[in-house]
Amino acid sequence: MTATRRATDALIIVAVLLAAWQILHRIAGDTALPAPIATLTYLTQMLPTERFAQNAAATAEAFSLALILAYALGLAIGAWMGAHRLSGAVGEPILVAIYSLPKIVLYPVVLLIFGLGISGKVVFGALHGILPVALLTMGAIRAIPPVYLRSAHTLRLTPWQVIATVLIPAALPEVFTGLRIGFTVTLLGVLLGEMFASRLGLGSMIMSDMQLAQSKDMVTVTIILFAFAAIANAILLWIEHRLHRRV
Amino acid sequence: MSRVGLIRLAVIAALIGALEFACQTGLINRRTIVPPSEMAVTLYKLLASGAINADIARTLGVIVVVIAFSIVLGFALGVLIHALPRIREALDPLFATYYAVPIFIFYPVLIAIFGLTIFPIVVIGVATAIVAMIIATLNGLDRVPRVLTKVARVHRLSRVSTALTLQLPAAAPYLFTGVKLSVSYGFIAVIAAEFILSPAGLGRDIADAYADFNNRRMYALILFLLIVATIVNAALHAFDMRWAERGSGGRP
Amino acid sequence: MARDVHARVEGVTRTYASAGNQPPVHALGPIDLDLLKGEFFAVVGPSGCGKSTFLEVLAGLQRPSAGAVTFEGKPILGEVADGIGVVFQEDASFPWLTVWDNAAFGLRRSGVAETEVQRRVDDALAFMGLKDFTRAYPSQLSGGMRQRVCIARTLVLQPRLILLDEPFGALDAQTRLLMGDEVLRLWRSTGATVLLITHALDEAAMLADRVGAMSARPGRFIDVIETGWPRERDSSIVAESAFGEITGRLWERLRGESLKALGASRLAAAAAD
């Protein structure tokens, strides 16, 4: 599968999507859905505005904090559940069950506990991200072949050396998958939080744009968020592939 | 039940018990969290009075429609794409990126286009759930061992017969994983949509109860949704495990 | 005793197109072979020599690039003929069916009456020693038993030509010898013609009336050895001196081919000096 073929395929898909957008625009009208070209030109006008900058900064702040929290807690929980057999066996179905739940229903609870400020969004986002990070970290550690540990033992390594030179490299690829998925769901969690009850942030910007029928802004921000998520994921995926190839 | 299962049950019971204790004694403010026992009682009263029946019917009805659509159409598309390798090659990056993007962000745009009706909820629900089914179908059809198609030819089966009696059962465990995911995603998307903005439904109810400071009602409804979602997911999971042990494993 | 030709392979070759600008791969042939009715013929050769390709062409699962295959006088043209049964190397048992339903699978679809299906499946499963496992699922059985299920599934169709593609490859050595006895029993009681592909010289030497030694790719028969065993044989013949001689002869013919297959052709040339 050559690179040129892949590139032309991607271009064809983008062209099809743009065409579908254009058709939908024709049907729905300008107030509902602006045309693709108009939206993309508007993008350049909107980016430097203060309104966009403020909202983007708010989302970025909440997202960064949520991500750090999700990664830290997720890795810790996952590592413990991976190493400690009983905790893993007891806890895994619980985590899996929570993962499949519509966590949005817990958002009011989070808000009641943490208030309407940034803390609510951060906790809610982190709540989403902890789960895949913990589950995949746990899986990664469990999947380390016991023979690695036996070999390390025969080489008389200290516990810290074992962790640093054997366990971490062995577990890294799958852990990184968890981090990548955690990135995606944490972003979604933060945006959901903003859409529901926030005055600041890109999620709430989309909602107010919709209510004020400012469809150009709404669609533009949506596209920006899509693009950000897609590019970030592509980068993380590239890193992940490099890690997997080493193993 | 196994020892691990018992421990798990004990842990969950202990957590609920601790929450109950904290709420009753005032360690946790009632305006923040209501004791679990009161949540249950309020829920029971709501269900018994039939006050939320319409909303239950609506929300669960939408979810069922979304799931059914996603599974059937997702399977059909998966089969179709699997039979057209060139198209599949082209679409692969799309499928790989699909769940990396917050699809749900599209919901306000859908409301702008279709208005505040049930339609945007169904669309966002299907959009979220269907791709999981497509991917699972492609995966399942890939995993049919080559030797089985050879056996079909040795027995001189027609293409349709091969598909129905061999490929479908062989792919079934993977298809079922797709069903599991579609159900889960459908639930999540519909509830989120109702919650954020919707004319009716349980999600909307919870949002309203929150805005009205009606904590008892809000927690009762949250409890209801959590219980329903947990039961459905657990049932599917148990089913999945039984299929998995039959399909693979066994001593070499 | 002069035997009729059951299947004939004439000038068969098989070449594959390869990706990009690579030249096509000449995988097999030219092969000429007359399979005699009721005989047990084994094909031995190094890995990758094309033995499985040969079996699939004979079965009708692949079309030859040149040459022709006939079975019972009729040409085989890319479709598996009635009367041919195949047992593959990989586990082909269907995990979602019980042992009984697995065995009945092909027969049920051939329009035979249900009472006859019952009878034949019960007989085949009893013959293969699976009478107590009819309600079990393949995942509950060992690898050897699953292969027996696949053999039973082939048996019920009462094939006149049975093709076995390294059916015991995944099993341990002792189980292989026992399964060899099973195959001999099967061969005798059905009176079918059997073609067995294997990479194990001793297996071929023990089981077959004739052994075809196949060269490294592109596979061609470099020798066909007649073993001269009596029809009523079992694995105990491995103790006989003739067994050692046959195995020795096969290795003599195949050693060089195996080295070639290993890619050590330079070593072979050096050893010949």
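Chains here go by letter, A, B and C, matching the order in which they are written, and residues are numbered from 1 within each.
Rule of thumb we're sticking to: contacts are C-beta pairs under 8 Å (C-beta built on N, C-alpha and C of every residue); 3 or more make two chains touch, one makes a residue touch a chain.
Quick caveat, the model's predicted, so the values are computed rather than measured.
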item	value
Chain pair with the most C-beta contacts	A-B
Identifier of the chain whose CA centre is least distant from the whole-structure CA centre	B
Most distant chain from chain C, judged by the mean position of its C-alpha atoms	A
Distance between chain centroids, defined by C-alpha means - chain B, chain C (Å)	48
Distance between chain centroids, defined by C-alpha means - chain A, chain B (Å)	19
Gap in Å, rounded to a whole number, between the CA centres of chain C and chain A	53
Shared interface positions of chain C, touching two or more other chains	none
Contact set on chain A toward chain B in their complex	1, 5-6, 9-10, 12-13, 24, 28, 31-33, 86, 89-91, 93-94, 96-97, 100-109, 111-113, 184, 187-188, 191-192, 195-196, 203, 206-207, 209-210, 213, 215, 218-219, 222, 225-226, 229-230, 233-234, 237
Residue ranges of chain B touching chain A (in the complex, touch as defined)	4, 7-8, 11-12, 31-33, 89-91, 93-94, 96-97, 99-102, 104-106, 108-109, 111-113, 184, 187-188, 191-192, 195-197, 203, 206-207, 210, 215, 218-219, 221-222, 225-226, 229-230, 233-234, 237
In the complex, chain C residues that touch chain B	56, 59, 61, 79-80, 82, 84-86, 88, 90-92, 94-97, 105-106, 109-110, 137-143, 146, 154, 157, 170
Chain B - residues contacting chain C, complex	145-148, 150-151, 153-157, 161, 165-166, 169-170, 172, 245-252
